[in-house]
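First chain written, first letter: the chains are A, B and C, and each begins at residue 1.
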Amino acid sequence: MYESKRLGYLFVLPFILGILAFNLFPFAASFALSFTDYPLIGAPTYIGLENYEKMVFDDDLFWKSLTVTVSFAVIVVPARLAVALFIAQVLNFKLRGINFFRAAYYLPTILGGSIAISVLWKFLFQQKGLVNIILDTVGIDPIPWLASERYAVWTIVALNTWQFGAAMVIFLAALQGVPKSLYEAAEIDGASFWQQFRNVTLPLITPVIFFNMVMQIVNCFQEFNAPYMITEGGPLYSTYFMAIYIYDEAFKYFNMGYASALSWVLFFLIVSIAGVLFWSSKYWVFYSGEKERAR
Amino acid sequence: MSSSKTMGARPRRRLPSSAEVLRTQRRERISLALRYIILSGVGLLMLYPLFWLLGASFKSNQEIFTTIWFLPKDLTQLLDFSAYYNGWMTRTEFTFATYFLNSFLIVVPRVIVTLISCTLVAYSFARFEYPGKKFLFSIMIGTMLLPPIVLRVPQYLMFKELGMIDTYWPLILPSAFAIDTFFTFLVVQFLRGIPRDMEEAAIIDGCNALQLLWHIVVPLLKPALISVALFQFIWTMNDFIGPLIYISTVEKYPVSLALKMSMDVSGEVDWANIIAISIVALLPSLTVFFLAQRYFIEGATSSGIKG
Amino acid sequence: MFKRKTLAALTFTALVSLTSVALAEDATIRFAWWGNEARAANTLKVIKLFEEKNPGIKVKAEYSGYDGYQTRLSTQFAGGTEPDIMQILLAWLPMFSKNGDGFSDINQFSSLIKLDEFPKSTLDQVTVNGKLQGVPIGSTGFLFLYNKEPWQKAGIPYPKTWDELFEAAKLMQEKLGDEYYPLDPTTQGSFLISLSWAMQKYNVNFIDANEPKVAMSEEQVADWLRFFKKLENDHALVSIKARTAMGGASKPTSQMPDWVEGKWGGVYSQDSTLTSRADTLTGGLNQLEVGPYIMLPDAKTAGTMSRTGFIYSISKHSEAPEAAAKFVNFLATDPEAARIIGTSRAIPASKTQWDVLTKEQLIPKIQEIGTGQIMELDEKGLVPRFSLYFEHPLIYKLLFNTFEELSFDKTTPEEAAPKLIKEANRILSRL
């Protein structure tokens, strides 16, 4: 039955229709707009490659925000994945009260970008905030987190790591798919917890690790809320992420054309990273449901 | 037995003497206690900010911005729920009852259509072979990679042409066509990791494609589909920019928009009200999470049988 | 199918609008504003009253929080679906209406809107290319607002001159401690307060009020920047760097713990927002006092920036512009409307409304004093004109960055001055 092309097309049809109906025009339009000067009010004027030229040769802020974004992703993607996978593993017990702990660990993620978080986070990281008080008790001098070009980004990293819940839930769901009999077999062989994790769990959840990796990269490159709420891109642009730059250009300074150009550059950057990931997945992602690779 | 069978435990299978049994039991008890201590410790770290928020909803403005301890100085303030009442009632035409109802009118249909469309499309991607599949798949991934903010204006123009401005359609309709590709991709990844043995057996038994999907594939995908529903629920509840752009009638505002109104800081502000109502706004998502996570455990038992 | 539907809808609305023009009565107008709940509640009451007095006209309120308001409005503009009446921040005007053709020219409705209620200077601020872009809602100017507590504790009078300010800064630090400052500048205050001094000294504005170019010389700009550094270094202002460490350069004063605890002696604040500074003070409004405007001897201008905060504009696409104009007139000039709204829509610019509020004591005393001070300065001719472009977001971004770099010692006044002028001129030439 899975050889039936007709059925395959039938099931994918909604997506094809959806792309044609809802995505084709906006994508094409924003691509076209990237070659124009479009102040939102009034019509766009075609200016050729000017936006892209400006970006590359005459816009320090573009390079600055690109650097900020990339280095952020380099830190946060592995941090979040590791924390989420570790916690998911820990929370995968049948332990009394485990429901409570799972909810507790997910709660920060539900809070998302609410204003309460911005009040709170500033409170934790301000000069006389909780973090510095704790550091003081262990003998470390207070750090001006929010006013330091070097440390400000860490407040965002902290928030992002704190909100690891989405990746954790996906890992939890994946761990449910690992057949118990395999662990039992491993136990009989005398495999340690770590060995079980490495040799049984890890290979079987590689499709989901891969998924989370792709998604975390996408999220990091489009990170907006946290720096917008907490540091407002500062100080001295040290947390001025690409997404904020794009938003500012589009809706604060009414340069929709330039914002579109920035977005498409970011798009091609993420596409190339995703491309490398997908290519590499052939070597490390194991699909038990795939015909050619099934055991 | 149940606790020792979980994957975190590591009993060694040798022939045990009774002294060894005792020692193992003690060790297990210690490791259990340790686990609870770590879980609670990290849990506290995760939760302290939320305790603080909860406490803040009972504090005065000046206390909110000056104290790090989560309880109000005067503990009798904990009996005063007026911040919750004021936050809920608002000072405008509508109470939060209206806004919550609106949110559900968006969220519930959206979750349902997302589940259906994503399952169908993911099924096609993960199991069938046809020319053009790779191309469609890359388009699916590609749509996630463009910063959505620059799509807003063209999308708005499009929905304007369709006559759907100030309705919930722009928020729901695209999901019915598997446009939230994050979810499709998620289900695809899960499905690709599930062996085909059961499906192959069912095909031999003469199941048609829909029966196969409904009776075999969907039950196997349960944990993944529950996560899809959970995420779509929470994200749609929290979505601000979508409703902001499409909905202009206050009576149709969902919670996320109404919250920003309560939180507007131009003019005098009662912070306890703001914090109280933002806590209330979390409750639906929290409830759904509690309900959903039971199924993660069910998923465990059923997949255990199959293995 | 959708096409046909929209077509039908279009013909229908066209017909409806035709008849409504003919009757000039039956109409629904959409009115969008941002603000808190108090503003919404009071405005809804005014709408109700207006609808009672003008049967046939329905006002649909589209209110929301400030966050996202501009994003929604610009999207609606791109689609030509903006509301009939909208609350617009003056700073947005150069973007929404570059050449004065973004909104309906209010002059068209001079028979419906009592324009003589408003000072001519205020109307001038809102005019682009001779077209009046909206009806002003209250002027708001920067002044020195103090928290009595630390001044009384230290026994220092409020400064009248800049020298006295530096003296007060020294005394306050000596007597009360390092965390005590006479003034918090807020985000924009940090460059406005020093600009005020520079304008008092040189009687010239940063950007020419008549044409889009920098009016100050390089030496004058450098002097302005040096004075800012002196204010920060001499402990007269909470520095941008210190503010950032306390929770962000643009975190409102009232949320700063040191303000709540009475360690900051005052804030360089707009008169329209002065009451909100008391939000987190134990003593509330009673703890606040308006001080004399700090001046250089013989200054020809106070250098305070005073302009209308926001305006009500009417859409060019409105199908019932007369009804919209009628409503704007009611909202912005009617005495009864003023009684309902009070100060929840800022301080009214209309003479009638201001008189009602002050005579019937519908505004807090301190508000009357603050706004009164700005009015008095204005009458003496001490309030300078500001270019509409001064508050353009790109200029603000440039100014803020320059001052942030100064505060963080990333640049010097001598180095920053020519750069600031060059960049500002570059931005202005493109507008």
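Here, a residue touches a chain if its C-beta (ideal position, glycine included) is under 8 Å from a C-beta of that chain, and two chains touch if they have at least 3 such contacts.
Values in this document were obtained by computation on a predicted structure and should not be read as measured data.
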Subunit C reached from subunit B - shortest hop count over touching chains: 1
Chain pair, most C-beta pairs within the contact cut-off: A-B
Inter-centroid spacing, subunit C versus subunit B (mean Cα positions, whole Å): 40
Geometric centre distance via CA averages, subunit C-subunit A, whole Å: 38
Averaged-CA centre spacing for the pair subunit B and subunit A, given as whole angstrom: 16
Multi-partner residues of subunit B (each touching 2 or more other chains): 64-65, 153, 157, 263
Sites on subunit A at which at least two other chains make contact: 40, 119, 123, 251
In subunit C, residues with contacts to at least two other chains: 71, 78, 255, 257
Residues on subunit B engaged by subunit C in the complex (per definition of touch): 61-62, 64-66, 90-93, 152-153, 156-157, 160-163, 165, 240-241, 244-245, 248-250, 257, 260-269
Touch list for subunit B against partner subunit A, complex: 2-3, 5-8, 10-13, 32, 35-36, 38-39, 42-43, 46-47, 49-50, 52-53, 64-65, 68, 117, 120-121, 123-131, 133, 136, 139-151, 153-155, 157-158, 173-174, 176-179, 182, 184-186, 189-196, 203, 209, 212, 223-224, 226-227, 230-231, 234, 238, 259, 263, 271, 274-275, 278-279, 281-282, 285-286, 289-290, 293-294, 296-297, 299-300, 303-304, 306-307
Parts of subunit C lying in touch with subunit A, wherever the complex brings them together: 70-71, 74, 77-78, 95-98, 102, 241-242, 244-251, 255, 257, 393-394, 401, 404-405, 408, 410
Of subunit A, residues touching subunit B in the complex: 1-5, 7-12, 14-19, 21-23, 25-27, 29-30, 33, 40, 87, 89-90, 92-95, 99, 101-117, 119-120, 123-124, 129-130, 133, 162, 166, 169-170, 172-174, 176-183, 187-188, 190, 192-193, 196, 201, 204-208, 210-211, 214-215, 218, 222, 224, 242-243, 246-247, 250-251, 256, 259-260, 263-264, 266-267, 270-271, 274, 278, 286-291, 294
Partner subunit B, residues of subunit C touching it in the complex: 2, 5-6, 9, 30, 32, 34-41, 44, 60-68, 71-72, 75-76, 78-79, 81, 83, 252, 254-257, 260-261, 273, 275-276, 278-282, 344
